[in-house]
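One structure is given below, encoded as structure tokens.
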Amino acid sequence: MPTLSSRMNCVANFFTYETTKSVVVKSWTIGVINRAVQLLIVSYFIGWVFLHEKAYQVRDTAIESSVVTKVKGFGKYANQVMDVVDYVTPPQGTSVFVIITKQIVTENQMQGFCPESEARYRCRSDSECQKLISATGSVSSAGILTGRCVKYNQTLHTCEIQGWCPAEVDTVDVPIMLEAENFTLFIKNSIRFPLFNFEKGNLLPDLTVQDIRRCHFHPISQPFCPILRLGDIVKFAGQDFTNLASTGGVVGIKIGWVCDLDQSWDRCVPSYSFTRLDSVSQKNSISRGYNFRYAKYYRHGNGTEYRTLMKAFGIRFDVLVYGNAGKFNIIPTLINAVAAFTSVGVGTVLCDIILLNFLKGAEQYKAKKFEEVTEVNLPPAVSTSPVYRSSQTLGGRSEEKQSTDSGAYSIGL
Amino acid sequence: MPTLSSRMNCVANFFTYETTKSVVVKSWTIGVINRAVQLLIVSYFIGWVFLHEKAYQVRDTAIESSVVTKVKGFGKYANQVMDVVDYVTPPQGTSVFVIITKQIVTENQMQGFCPESEARYRCRSDSECQKLISATGSVSSAGILTGRCVKYNQTLHTCEIQGWCPAEVDTVDVPIMLEAENFTLFIKNSIRFPLFNFEKGNLLPDLTVQDIRRCHFHPISQPFCPILRLGDIVKFAGQDFTNLASTGGVVGIKIGWVCDLDQSWDRCVPSYSFTRLDSVSQKNSISRGYNFRYAKYYRHGNGTEYRTLMKAFGIRFDVLVYGNAGKFNIIPTLINAVAAFTSVGVGTVLCDIILLNFLKGAEQYKAKKFEEVTEVNLPPAVSTSPVYRSSQTLGGRSEEKQSTDSGAYSIGL
Amino acid sequence: MPTLSSRMNCVANFFTYETTKSVVVKSWTIGVINRAVQLLIVSYFIGWVFLHEKAYQVRDTAIESSVVTKVKGFGKYANQVMDVVDYVTPPQGTSVFVIITKQIVTENQMQGFCPESEARYRCRSDSECQKLISATGSVSSAGILTGRCVKYNQTLHTCEIQGWCPAEVDTVDVPIMLEAENFTLFIKNSIRFPLFNFEKGNLLPDLTVQDIRRCHFHPISQPFCPILRLGDIVKFAGQDFTNLASTGGVVGIKIGWVCDLDQSWDRCVPSYSFTRLDSVSQKNSISRGYNFRYAKYYRHGNGTEYRTLMKAFGIRFDVLVYGNAGKFNIIPTLINAVAAFTSVGVGTVLCDIILLNFLKGAEQYKAKKFEEVTEVNLPPAVSTSPVYRSSQTLGGRSEEKQSTDSGAYSIGL
């Protein structure tokens, strides 16, 4: 059973403080290097980590966003006046939508049998069509091949198909709807940083109803106007409108919200940028542009169904919202301050290498820094008497060699 | 060529261990401070880093999710019974869809010429309309201005447009479909954490077919019921249903999966939350709510096309799934354990400042902690004889000054 | 006022270098352990942190992506040849689309009154239907109950509803469109890493037009072919096509771009993987598969509207693009190199525990490592005379006890 005093001793032994014993080298050379390295590390932490990277902030990257879009403008196409309902699809005003700029229309298609329209299905007899089926399968570009060769027009015969008839001819050259360049896109974007419960929208409070009716976005003169001319968007994305409208393409409208919530509410503003997303289409000859087919279905009085098939070329717009917000918080501040403190000590590694290897009197510094103790010169038994201990220590010291080994820090000893 | 013994020496020199020489201060004051600081740091690591932040886990944030939605309910609108196919768009049951709650219908529109419907296009002569064109362009709100002034009704004349006729009158006040409040939304959400190959769905195994037919989601009494009343969703998002249904709006349904996979499979459950996403619409008078136009296209027997234009107001629902999962892994555990160990040493910085500056006998502590070596008192030559070395060391010691420089830790000495 | 020399002294005091005093233990046991631990830590940093985790790179995770899809193929369903326009919805070629594989069609629905089609609405008198209304509400599965009991067919009566009539009968067993297995999906995916302004697409430059016309994706033989057979996709996702086409389901096509931009441009290639996203549907009996309803609206010559209601079962494909790219950057390289350096020192903790507790001669090592200073044996006054200081130091030393306290490192002393 431990006595009270031995217990007290135990507690006293626990409440001690252990700090490293240090060698202070009074040398201008190493002193200047040391302080310079420390200054560098401190500057890095203050300049980069704290001021640039804002390490004292906690950051919310899970931005919540909602985008509502609305296109305005009228175009003329195929003797019709086209309005938003005609050329925007899907109509719901979501963040992804297509402006149709060119259409190849095939009217009055009905289920039935008719000749193929593509040149490679030309034939002179049924057997040619049957050969084609056995070679490439029964699926042509417009329907299912029946194996018969039928009259296409006055001079030509092609293989017959079953499907929606007549077959589409999509090799014709149709004009584009040029008015699309002047259409305007209104974007309403609300964001929220759930961590800070911070909400904001791209309709900034200083925008008046007048502004919104008249303004057009421009990166320098009107950076916060939520109304964008399609022609401008395409230009800002580095594309040619006529070209893009003709082949079709995908354009990204990026809205960035990078906010420092330690600053005033007014300074958290959106920044718009534009890029062509389907860049692969520009370089690759295999699949240029963007198009899709859709149809409007009708019924005759007798109930038979017919449809108008459209091959639509258009510009697809993707509104992409990204962002993050930072706000002062004590935990990251403390963690990074501690990291900064500890990192200052890293300079010692470099300075030790210089001190123990390259400086005049390196051997002396080594002798001072390192104390050596070897297995062999340990006395065989260990006494706990303090008197013996001191003498042992003294004895130990007299035998002690000043190590010249610099451990990990000495190179090429 | 090195001899064998010199080589052995080299190897022996390599297999040494270097540890810092420490000063143990037996002082109650500093001892208690030291242990308190260490306790604080250890508590922080165990309490915050390990238990709260679960730093011993590897985390998968790349949640894979699939959402299928299905709305149920019947409403009465404009003498029609509206079913899901009529009021939900798009119909595919994706995570974003609109419930149409109010519609302004313009029937039997055909391509042609007709008077504008808006008051600001009122005119008395063709020249007024031509002036309008030169002032604001030829595009009106309903079509392309022709420059003629034509009869709108018994008393009024307005400028003529080319486009879909008759022009829409969207200033009328139409009722909302009140039944929408009682519509139910069934959400089927499957998630997967690819890193752990963990799959789960929001239809928990203890939900019976009976439950699913009858239950309605409630955050406290029915937190796992996948069937939500639209009125409830809007209420949980802090909105008034009648108001929202009238102006339109965007509501977010967030499903969170934050899972600790070290616990049992049953405890990884979804949590639902609701928020209005287009909050900008509430505060801003410029563009309130959410609406869009769409049309149904028909053909007369003679082939001419006509359409029914709808201006639809509705509630857009966005089902947003987020989440992450953690599971024990040896690598982050080790890294953070090491970080914890190293950080305990940071307390020394604070204690050194106290010890060397504020404690009684600070000078003695300094003398003990710091050993000084200056460039000038280095002997000119270095002997490798151990005898000389000891004496040099002793001589060195006799000249040695106890440094009172506390380095970085001594403030305002 | 400080004199020049005192000022110089101050500056000289500042430009000093403080390094820890070390004890070098020349023991094979601890030396080998020490170097082994250091080797382990260095290997970890070089092997895992630098080579495997590429900690020398800065990483861009904000991949920008655009997906355009195009399905090809013809199917036969209900005596019709179905083309892409008929069975793909929505038609815009976005990353999420449905291939309809099975349809229950209800033709010629009109607004009106008609009997319910479901068995549970069977009745013999109006009062039964009124009882039903008061029990479960007036909403049936096909419309709004009127409370009347009407003739359904020769033998049965059911409650009458108001809504789209006739009511849908969705309990019939309809076939699936088997040809869907052979449909092909062409995916055009462009990605961009904005941080490095790196753009690439999944149509790799070595794909010729010939390849693209003929190839079909296969994970081993054709891993970069952008044309995928639907049957293959479903198979790679571990599903049975006939089954999936019958119940409907959601399949994810994941395209991963994990790129090391320090390597050549050619080695940044996409990797395709496939998974069933609505896995909850497989296990749960409550809500199997995926289906939705949509309608085509028509008008009779007299203007009355009618529609064809479709209950569509299909496979929804979600093309999900993920990825990140790394490139050498000096800042993370430096930070991690410093972290590696500092971490090597962590081995000391382990070695100290062994050295001071388990090694032969542990007491001697302790004596060597720790110097003790206690509050009580501090002399009352501090002299600045170097002579007094040395003697004080010597005196201090004679009283000094070699501490056997190993601080945090000594366990169970």
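Lettered A, B and C in written order, each chain numbered from 1.
Keep in mind that, in the parts below, contacts are C-beta pairs under 8 Å (C-beta built on N, C-alpha and C of every residue); 3 or more make two chains touch, one makes a residue touch a chain.
Keep in mind that what you see is a predicted model, and the values were worked out from it rather than measured.
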- If you list every residue number at the chain B and chain C contact, are more than half found on both copies (same) or fewer than half (different)? different
- Task: Enter the angle, 0 to 180° in steps of 5, of the rotation superposing CA atoms of chain A on those of chain C.
- Result: 120
- Note on the structure: Cα centroid separation, chain B vs chain C, in Å, comes to 14
- What are the residue numbers in chain C that touch two or more other chains? 16, 18, 20-28, 90, 298, 301, 342, 368, 370-371, 403, 405, 407-408
- Query: What residues on chain A touch chain C, complex-wise?
  - Reply: 13, 16, 18, 20-28, 30-35, 48, 89-90, 96, 98, 111, 139, 142-144, 162-164, 250, 252, 254, 275, 277-281, 283-287, 290, 292-295, 297-299, 301, 303, 307, 309, 316, 318, 320, 322, 342-343, 346, 348-349, 351-352, 355, 368-375, 378-379, 382, 386, 389-390, 392-393, 396, 403, 405, 407-408
- State the interface residues of chain B toward chain C in the complex, per the touch definition above. 12, 14-28, 38, 62, 64-66, 68, 70, 73-74, 76, 80-81, 83-86, 90-94, 108, 186, 188-190, 192, 199-203, 205, 207, 209, 212, 296, 298, 300-301, 331, 338, 341-342, 344, 360-361, 363-365, 367-368, 370-371, 398, 400-402, 405, 407-408
